[in-house]
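First chain A sits with chain B, and in the next complex the same chain sits with chain C.
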Partner chain A sequence: MKFQKRTIGLIIYFVLLMLPIYWMLNMSLRTNADILSAFSFYPSAPTLDNYIKIFTDESWYSGYLNSFYYVSMNVMISLLTALPAAYAFSRYNFLGDKHLFFWLLTNRMAPPAVFLLPFFQLYSTFNLIDTHFAVALSHCLFNVPLAVWVLEGFMSGVPREIDEMAYIDGYSFPRFFLTIFMPLIRTGIGVTAFFCFMFSWVELLLARTLTTTAAKPIAAIMTRTVSASGLDWGLLAAAGVLTIVPGALVIWFVRNHLAKGFALGRV
Partner chain B sequence: MNKWQDNKAWFMVIPVFLVVAVSAIIPLMTVVNYSLQDIFGPDQRVFVGLEWYKDALTDSRLHDALSRQLLFSSLVLLIEIPLGILIAMMMPKKGWSASLSLVLVALPLLIPWNVIGTIWIIFMRPDIGLLGAAINGMGIPFDHTAAPVSAWVTVMMMEVWHWTPLVVLLAYAGLQAIPEAYFQAARIDGASAWATFRYIQLPKMRGVLTIAILLRFMDSFLIYAEPFVLTGGGPGNSTTFLSIYLVKQAVGQFDLGPAAAFSIIYFLIVLLFCWLFYQALLKVGTGDKS
Partner chain C sequence: MANVILKDVVKRYGKLEVVHSIDLHVADKEFVVLVGPSGCGKSTTLRMIAGLEDISGGTISIADRVVNDLAPKDRDAAMVFQNYALYPHMNVYKNMSFGLTLRKMPKDEIDRRVKEAAAILELSELLQRKPHELSGGQRQRVAMGRAIVRHPSVYLFDEPLSNLDAKLRAQMRLEIKLLHHNVQSTIIYVTHDQVEAMTLADRIVVMRDGYIEQVGSPLDIFQNPANIFVAGFIGSPPMNLVPAVIEDGAVGQALRLSDSLSLPIPSKPDCQFKSGLKVVMGLRTEDLFIDHGEDDLSFSHCVDGLVKVVEPLGSETNLHMDLQGVPLVARCEGRRQVTVGDHLAMRLNLQHLHIFDAATEQSIY
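Coming up: the complex of A and B.
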């Protein structure tokens, strides 16, 4: 009885959750004129034109590739820098550790609008404008702190005796970290990677400011193309559907880690 | 607590510090610099001291935007945190249905923010949108472009739809971490479902919920793209949240100095609240160790 109540509640939630996404899918399979002319629960004359346009027009599909490059770079940088830092925060007391830990998170707290200009100036100084690296680096501002916070929680769940045993057995720090410690927190690494991917993938303002053509992200290409010819809702919806796909694949791969996830953490 | 005391740990933190500091400190200093000057052009600047801060603190439209923002973020926390915990507790714990639930829950998080706003414009249209048509079909006049209440309801629905999944994912992971032995012990003691929740599940989720509350607070307080695309801050000023007002000032009137001062005040408000939340949540943890 209780089980059924839960399941029904969950199903209602999922139906509500999927409605806007279904509507996006519905729109993506119709022409613009069709969308605007009549209400319809399902596409009466489904067409793949919107998708064909995205896959054949380089200015469209290059946006996905650009986004994918800088998001991958960002996930790599975030994880590689955050892993040792999170270990330090979870295992050591050192000068200013608590302040530094909270300071990291404060970098997510500034309203982006006015900060975009100094960002642009800073990255122009280093000649990084319109490179994937610039966007990847700027996204570290909000992803690295998150990665450190989440990883620290997982690491603190691993008893310190494990470290001590390994050192007594003569392991060097890098060998211990790579062969013993990282496998223990691989769930945490999966969760962190998903969050970094997600926040970098959907971020628009910084990515748009720091790029012109060569590294333009898909979210920015959508706004540009849309404003040029009025609003092509169908095309936009198709592009929206396609932006979900890579992320859905990522979460499919880390789903078991998420399920077990945070398993060790006190976070 | 029982950590090793060693200042050499700083070496492990340096990469993170450098990567973040590059993007954090220099732009922050630049904005502080702007906020103290009147800027006419690239080479024409006058130092005005704290003038812009005074202006911002006495700007009544800013006060209105701030109260709207506080109301919005409070509603976000009050709805999304309990709802997220509830959904996480309903989700299956293992098997294919658990995998499927996780993937479905994560989908709204993966859509770029401006696209979310755009899709919701159509979704809420009374004539061709599913939800807009449904609400109007029930005989309730609903148009988010005309009535402030409808606009608020729409923005809240979009926000809850979009971001509750983040709370669900965090809470679900926290729940999964609780060893089965705890529940067995609770059953043997004949604990009610509420007692199990209150004394086992909730304390065990404290850490993930701290992250969820802080993230949801700061992100909702800084929300820009979705309501801007959906309502443009209207009708009137009814959904002009703090960041929308900021952009109107910075871009619309092209007045860098006041906008910079505004940004710094804005940042300090978020910082203050997050610090208070963080301190409070740390205390809850130590007083409640069961």
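Coming up: the complex of A and C.
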């Protein structure tokens, strides 16, 4: 009965994996008094008050909007810079191309905290502190190298003869890139966008340091729930649930191509 | 007049020269095949004609117009690639018509040309399909259709049949030959397969290491190879090539192949070799056969041989023989029963003997 054993094992694993998330969902549907008074596996008197507060109080929902702004800005910047770079790496030979390509990846090896201080000084010099652009730009440090790597893998999967055929057919380079090449690597572009989104969405340290009020990300706002009267558990849980949702949605869209993306397109 | 003329064409990658000063004149409506082993520069030459590679030196002209600095699209040449290079996200119709759309051709004219090409290539039923829904042979036809619709003055084929299985390859070979007959255009075709070269070409260009070794009609190259390389490359199974030494005999000169085997050289006017000259003897497998008693050849020689390996091909059989210590491949009729270890009387048709200088590798007889 090997099959059953495996099934049981998987169920235990799954329960352990989902328990914290369920618990957060559970808490988000209860009032603070309820949470603190009784230990319960399900909300006895479910309420949406916590969610309503987040969606009506600007100081709360602006956090989500800010996060969305800089994340989408970052995805755009990353793709716009990584697409030409990846094309060059995949199609041309130039001096030091292999070293440069590897060096790109080493950018991801340094912890973000290392860049915190220089970034803060540079951005304040250019009056960029507390703008969405500042956060989007700082996240490029990690996302552009990754995007180049993933896209290069997908681009190298397209035979070079396609490019040559297009030149013989009479395409200009921009037109070839937009109408022939991009459709051929659209999976790669989707997966890259997903990776950029994910990293930018969960990154807290840089986002929090480079912002004060106007571009404050949701994760930073969540820390506001700590007050003299204690923690606002229910509200915090609701905000947490809402933070998971966008990521889950994006994963849903690229679920069929994720494995290839994790292999950097080299499958 | 869509002739293609290559004059002193050189290709260098950095310091490495891969094509050395090639001269080639392809006449209008001619089918020329560039053939040679991989890395001989044949594809590079074709890609220079297409405009996909820069020309490091010399000039290439198409239809009496120097194209060195023209973009690929302005050379009026269409190319067919080995891996088809179809646009996977477009259907057959779009794949074939896209090049024309870019040239701002009127819609009804495009439609007419695509339908016409589809009819020639029997693709009319498949116009709405995507490339991944087609078989290898159909994809290759689409790739050819894409070239045909442009009505180019020159077709360039880069090993178009190498990705197909043997049966399909034979069929497509025939279709390419028919295509040439139908479109009446200049075709330059690159292959490493000498069978394709022999069957398709009006003229074959044999290349090696960036040099042209010989240019000529298929039969001319087959019968009069200019050097050892061409002799060994063209023809299947390849020509027997055996080192030998010239010696003066009682009647004329002879080739000493081994201690016990010496073959008389049929005398030709103005053909006298230095005694002791090291040479390579070439003899086609069909010129070495089992002696059937009657000798109607004007100049032949009979030798006893031992059968080492038998390779039946159906209509004929290749016999790998030991002829008095000299390994040679003979050919016999497929119905003839031969087993390994047989001792046979073999006849050599010395009328078609080839002799190459061992030092220069050039044909000297």
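Please note the rule applied: the second predicted complex is superposed on the first by the 230 of 267 C-alpha atoms of A that agree within 3 Å, B and C clash if a C-alpha of one lies under 4 Å from a C-alpha of the other, contacts with A are read in each partner's own complex, and residues count from 1 in each chain.
Note that a residue touches a chain if its C-beta (ideal position, glycine included) is under 8 Å from a C-beta of that chain, and two chains touch if they have at least 3 such contacts.
Since this is a predicted model, take the numbers as computed values, not measurements.
**Q** Which partner does A:Ile162 reach: the first (chain B), the second (chain C), both, or neither?
**A** Only chain C is touched by A:Ile162; chain B is not.
**Q** Where does A:Thr213 make contact in the superposed view: on chain B (first), on chain C (second), on both, or on neither?
**A** In the superposed model, A:Thr213 contacts neither chain B nor chain C.
**Q** Which partner does A:Gly170 contact after superposing on A: first (chain B), second (chain C), both, neither?
**A** second
**Q** Looking at A:Leu104 after the superposition, I want to know if it touches chain B, chain C, both of them or none. Which is it: first, second, both, neither?
**A** After superposing on A, A:Leu104 lies in contact with chain B but is clear of chain C.
**Q** Of the two partners chain B and chain C, indicate the one touching more residues belonging to chain A.
**A** B
**Q** Please work out whether A:Val144 is in contact with chain B alone, chain C alone, both, or neither, and reply first, second, both or neither.
**A** In the superposition, A:Val144 contacts chain B only.
**Q** May I ask you to decide whether A:Ile180 touches chain B, chain C, both, or neither, giving the answer as first, second, both or neither?
**A** second
**Q** For A:Ile35, is the partner it touches chain B (first), chain C (second), both, or none of the two (neither)?
**A** The answer is first: A:Ile35 touches chain B but not chain C.
**Q** Using the superposition on chain A described above, determine whether A:Leu204 touches chain B (first), chain C (second), both, or neither.
**A** First partner only.
**Q** Would you pull the chain B residues touching chain A in the complex into a rising list?
**A** Per the stated touch rule, the residues are 2-10, 12-13, 15-17, 19-20, 22-24, 26-28, 30-31, 34, 86-87, 90-91, 93-94, 98-99, 101-115, 118-120, 122-123, 127-131, 133, 161, 165, 169-170, 172-174, 176-177, 207-208, 210-211, 214-215, 218-219, 222, 224-225, 242-243, 246-247, 250-251, 256, 259-260, 262-263, 266-267, 270-271, 274-275, 278.
**Q** Going by the contact rule set out above, which residues of chain C touch chain A in the complex?
**A** It comes out as residues 50-52, 71-73, 77-79, 81-85, 87-89, 98-99, 102-103, 146.
**Q** Okay, in this complex, where on chain A does chain C touch?
**A** Where chain A meets chain C, its residues are 159, 161-162, 164-165, 167-171, 180, 183-184.
**Q** Could you list, by residue number, the parts of chain A that touch chain B in their complex?
**A** Against chain B, the touching part of chain A is residues 6-7, 9-10, 13-14, 16-24, 27, 35-39, 41, 77, 80-82, 84-85, 87-95, 97, 100, 102, 104-115, 117-119, 121-122, 137-138, 140-141, 144-146, 148-150, 153, 157, 160, 191, 194, 198, 201-202, 204-205, 218-219, 222-223, 226, 233, 236-237, 239-240, 243-244, 246-248, 251-252, 255-256, 258-267.
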